[in-house]
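Down below are the structures I want you to see.
In the two assemblies presented below, chain A is common to both, partnered first by chain B and then by chain C.
And now, the complex of A and B:
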């Protein structure tokens, strides 16, 4: 079981696709890409099989010393804990589905597309499996390049503008992370006499304290960096642009996987490195979460573009993650991690559906659509299922996350004011139902507009993708223990730091 | 044998789920062209469920305070463990019997009613899913499971109201129903979270499964111990709000009338007999908890009685048969609420039982009427007794039952009046009696308008209902007639009011009063409506009021105003704020950098002439500076 192999396998595949060995034939490229995707996903399933959930630390450790970094203890160190394992699996699952969904969404420069796609997968897998801060940062930055190209070359609308905005905004956040990483290593070495980039070591209980001002700066440095990615109000405005102008599979990846990197960073760095500060700021984080939930939901009401509506709902749902993390109980944090998976699945599905509608009707304006359920009954049933999932209807995955987050947050020892605020945040469930169902009604129900008389129902590819997502959404909604069991131990270990 | 029925009672709710899945996955196949398999599966599931419930009833009758619970874990995190399961006690068995029997009749009816619909299979899938959710709801052993299925019945109702989604009005009604119910779901979930959080340690120490109904009493004390009475009141209010949305009580009743856009069997099953009663059922289940908040209880009572009264007033002025029945449902549910609010647990559930049958009967008759004249407006009916006498007779029985003319509704309403008098709530009693009078009037009005007087429509021949329609109606006639007499006394011991023990005084005067009210009501209805509606009363006040009432007291208009003029405007401003201010700052920053770069680019243009110009200009500038400095220095030295 080699984690490095898992992380770098997509990179190898990408080089293979880009190389002259691969004939320049779209069908062959697409099929081999799908084959590689299946391989990677199957390999990551093996990690799940060998994972020991009762053990809270890193597993599958693997490290290489790099000669040019021998001055300090840094290198290629990989490791997985419960949270990262779940996210690695989610990543490979969504990437595989996005590969399948790429048919029809991408019609040019296949070699470039699929090689960038796999580089992106390496970057994301690296972020989730790196056990070394420097390595983490390299992967974190590496993710920007393929994403920039995927949006600016294969996107639609104001694609260059959106890609550049995404790049600059995330890069702006990364600077804060880099500064915080350097400061952290520096102050750790002053305190302990060891220069190390090892995440596990940095997160362990310390015998010394950082200077107060440095701790504040480092905490908020990390926080701003991850808040851009999550995103947290008011650092969210890159998201609607990037999501809307990206091609459908890339939107699936953006919402399904890339946003989770921000939450992962918050858990791994902010919470593990500065548990006391996280505890101190918990009210602030919860308030930010509630603002995220409500603010984005309000804006989603005013959207006329279907894809933008889904994008804003993504922001709204990420607020739930913030609330869960801020409350700092095992229940609410499990809810937050559960929400990462649940939202990853459902947002990928919703973006896919928007893509499906767009491909057939050439419009995403809600006002221009109507009654297409009569022509696409299967698609509309899937759409209803996923809309209900985002609303948090029970026995579907969204509900478990929502319930755990709010139940856990209510039972934390926060003040009454925050608890009242939480109930206000729960109000988001009405708003979400409002904008989603009104849009659903307008798009799928009512009279069929004559210009859509010719459209067809799902193709086999689309059906496969949606079916996979639907099965997992229902499965995790009915048997949440299967997922919770993987990362509960890890979260328990992190909470013990406080 | 007895154990077998009890331990396997989960099968009652799973049978419909299995039939739903079977129909869903096999309807695409060619061998599945036959609609009979679908209806057989569905009917079989309901019938077996009813049979099974009868077995359970046997157990409950043999053993006093029968209580059986089985749990399977749903999720475990940290100290929290939530479980699903089923609870068999007198209350759940009663509900099981009601749901399975009404379902059976309605499904039998739908088999004929929906026979020509292209989406026959989809309809039965939804019906089965609804049955699964509703049966699991009534068997819930804890609040969480109740919430889960509470929302699922809402989803099924959404799907069934929007069954004919091609009609924009149906699509709109379904969305509206779901959204308004969502308010109740929010209140329910918030209350569950708060209740669970504040009594978390109680559940841990008492070793009872989390949020189980059996220990709500202790949980209430524990919540009172850890927080202020205000918080306790707010939690109770959450449950009340949830019940009010599901049971269509004021001010959140507006969805129920629109829900009549669904097929008529759906209105009979979901929006009259079973799902809307879930609110009453919820209050009955959390009764031990609410009992500690007298204010919440009196809120329930007042909401109930106001709904009963106002909805009855509105029903008098309705011309659409289904809408009239919907308002009537709201009003009858109000009767149950008022009984619960004053502690008449048993009376409320008795009325729930009788109401389920006679209201389903009325709706099925209404469906038969609509089927035969092809419209819903009662003003264009009349004289139908001659063409469809069977339906007329059954409808009349339903009317007598609901308005308490000696059939089942009489006994259950009488029980409610008793409890109101017994707890000395004479204000509530007066309003309830008045509502009962109004019930007689509006129900007889509808009967006269449909079946008596002169025919006002244009049809020459009427569609005579076949036996597929008549037989289910006949099934429902029987309980509507006999239920009141037969179970009036045993019911009081079967469903006992928990905790409180009100002493039943002797109120024979109430009996007489009810009879007088019935006589007055019948006479009034005869005078006013026997030969069509008397439009002779030309007092302008009444006319204005008629318009007011026909619009349902403008609740809808008010909410539309709030949403369209206020809420959506706010969201639009929020979007502008986001676009121009939050994003504006970002783009402004980008713009600043761009302007700076443009400025620098102007000089870095690769043109040798401009470079040398700049060079020379710089040199000149330096020389000027140097010369100035030098001269200042020289001046200082010189001076």
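And now, the complex of A and C:
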């Protein structure tokens, strides 16, 4: 069980695709990519099998004695805990589905597309499995260029602008992270006399305290960096552009996996390194979360573009994660992590559906669509399922996340003011029902417009992707404990730091 | 003062320089007396001499500390490292200049000899430990450089930039000499370690006269290394000079200038403060100028200014922190990423005759290997992983932060400037990968797999990636040399 192999296998495979060894034949490239995607997903399932959920620390530890990707007191160390294991699985699952979905969406420069795709996978897997701060940062930055190329080369609309915006925003955020990392290592070495980049060591209970002002700066350094990624209002403006102009599979990745890196960072660094500060700022974080939920929901109401609507609903639902983390109870935090998975699955499905509609009708304007369920009955029933999941209908995964977050937050020992705020935030969920159902009705129901008489229903690979997502959404809605059991131990361990 | 004159020993210590000098003499002899143009022979012998010199420097004992010619030259770890940088980069530049020179029909042989002269001057400069030898070798370097910049004497812009460089450089040399005169006046010796001893022991480090002298010397060095506020000449001269000479200017005289700056750093108490301010300004100015630039050579010039600023900021931290290791690390990576980028520029300009960034449109689909190599070097310059440039920037930032509270402003400035860097380096990648193929470029270019430039580009980008994956190996190499030695009594 080698985590390094898991993280670096896609990179090696991407080099293989880019090399002249791989014939420049789209079918062969696509099939071997899919084969590889299945392989890497199967390999990550093995980690789930051998994982011991009762243990809260890192597992599958692996560190290199070789001077590989390590210098300056940092090491090439990997490890998984419950939260990261769940996200690694989600990553490989969504990447596999995005690979399958790439068939209709990408029809040029296949070598470039698939090699960038797998570099991106390495970056994301590395972020979730690195046990060393510097290694984490290397992977965090590695993600930028492949994503830039994927959006700007294969996207649509004003893709170059959006890609550059994504790149600069994320890089801006990562500068804060880098500054905070160096500062953290410095102050840790001042306090303990050891220069280390090891996450576990930095997160352990310390016999000394950082200077107050330094702690504030470091906490907000990390926070800003991850807030750009999550995204948190007012640093969210890159997201609608990037999501809308990216090709369908890349939007699936962005919403399904990449946003989760921000939340992961908040749990792993902000919460584990500065638990007291997180506790102190919990009201602020909840308020930001509620603002996220409401603000993005209101904007979503005004959208005429289907993909933009889904993008804003994404922002709105990531606010829920923020609320769950801010409340700092085991229930709400489990809800937040559960929401990461639930949202990852649902948003990937919704972006896929938007892509399917766009491919057939050549428009994403809600006003231009109508009645297409008559021609696409299967697609419309899938769409209904996923819309209901987003709304939080019981027995579907979205419900579990929302319930846990709000239950946990209301039962926490926060002030009355914050709880009133939370109730306001709860209304944001009703807003979701408003804009999604209206859009759904307009797009799928009503009279079929004559120009859409020729469109046809799902193709086999689209059906496969949606079916996988639908099954997992229902499964986690009915058996949430299968998922919760994996990471509850880890969250318990983190909460003990406070 | 060393008492025993041991000429043989002294000459043996500067064996690489002796080899270069003999090669230059032989070359000039061949050029003068051969019936036809013998440029290829001269080319090969120059390459061979540089290869031998690099080899000797790389494999010579690191622990050497030898003072030759009555203390005029001092060969130590520090000088050894810069000698390696200079020889290797000159070797690389020489390999890529064959194609450029084909455009100039005759007098190729003189070009190689002049380049060797410049290398020789730089080598003496980094080993010089006496004000006189510093000045003489600096002039040796400068005069060869005037010649090289104006090499295409039929082109107006080349001659213009050579003249521009000549006039300003002469002025600057005079300024430096003026600074030296104060040092000599105060200490009545020209030996640098003796000067330093006297300055420290007699508490001269703080006197206004000393500060004034240091500022004069600093101005001269700043001109040679194109540091703010003496960076104005860079873009014009790079634009006017032949491509490979621009590459040469961004490497060899720069390394020599940095070596000289490091030698003079302990001479004044204000040096760190001065470098603090100047490096902030240099990084910011270089980056801001590069953002709007569309001409490839000028773009590279501004990028070089910004990179020089980064290296300078590493000097700043050295006194308070551990050693020169971050600066040396950065310079070693800079050598390869910069040389690689220039290779790609050289290939592009010489193949197609275009020199704008916009002309790069779709270059990745015209010539994928070159575009990939160029992209790797650019990402490294921007400091993105997994390349050597990322580790270099990280090491730099870490050492600046660890140097103490007063450097945290510099830390923030460097951090913020990297975002500008990402923006304009990615602009070229965007042109190559995102924009539609430029039809005019396709017509001009044939698949250039055969040229030496592609090979150098390959080596550079492989090294950049290697140092990205195995930074510790590079650091171990650099750490051996990272020490400046003055015998302070």
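As a working rule, the second predicted complex is superposed on the first by the 489 of 498 C-alpha atoms of A that agree within 3 Å, B and C clash if a C-alpha of one lies under 4 Å from a C-alpha of the other, contacts with A are read in each partner's own complex, and residues count from 1 in each chain.
We take it that a contact is a pair of C-beta atoms (placed from the backbone, for glycine too) under 8 Å apart; a residue touches a chain by one contact, two chains touch by 3 or more.
What you are looking at is a predicted structure, and each value in this text was computed from that prediction instead of being measured.
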Contacts of A:481 with chain B and chain C, given as first, second, both or neither: first
Which superposed partner A:303 touches (first chain B, second chain C, both, neither): first
Contacts of A:27 with chain B and chain C, given as first, second, both or neither: neither
Of chain B and chain C, the chain that contacts the larger number of chain A residues: B
Chain B versus chain C as contact partner of A:168, first or second or both or neither: both
Partner chain in contact with A:42 - chain B first, chain C second, else both or neither: neither
First (chain B), second (chain C), both or neither touched by A:152: second
Touching both chain B and chain C, residues of chain A: 168
Residues of chain A touching chain C in the complex: 67-72, 109, 112, 134, 138-139, 141-142, 144-145, 148-149, 152-153, 160, 163-164, 167-168, 171-172, 175, 178-179, 182-183, 185-186
Chain B to chain A touching residues, read off their complex: 73-80, 144, 147-149, 151-152, 155, 162, 165-168, 170-172, 174-175, 178-179, 182-183, 185-186, 189-190, 192-194, 196-198, 200, 567-568, 570-572, 574-575, 578, 582-583, 586, 590
Chain A partner contacts - residues on chain C that touch it in the complex: 365, 379, 384-386, 390-391, 394-395, 397-398, 401-402, 411-412, 415-416, 418-419, 422-423, 426, 429-430, 433-434, 469-473, 475-476
Touch list for chain A against partner chain B, complex: 165, 168-169, 233-234, 236-238, 295, 298-299, 301-303, 329-331, 334, 371, 373-374, 388, 391, 393-395, 399-400, 403-404, 406-408, 410-411, 419, 423, 426-427, 429-430, 433-434, 437-438, 440-441, 444-448, 480-481, 484, 488, 492
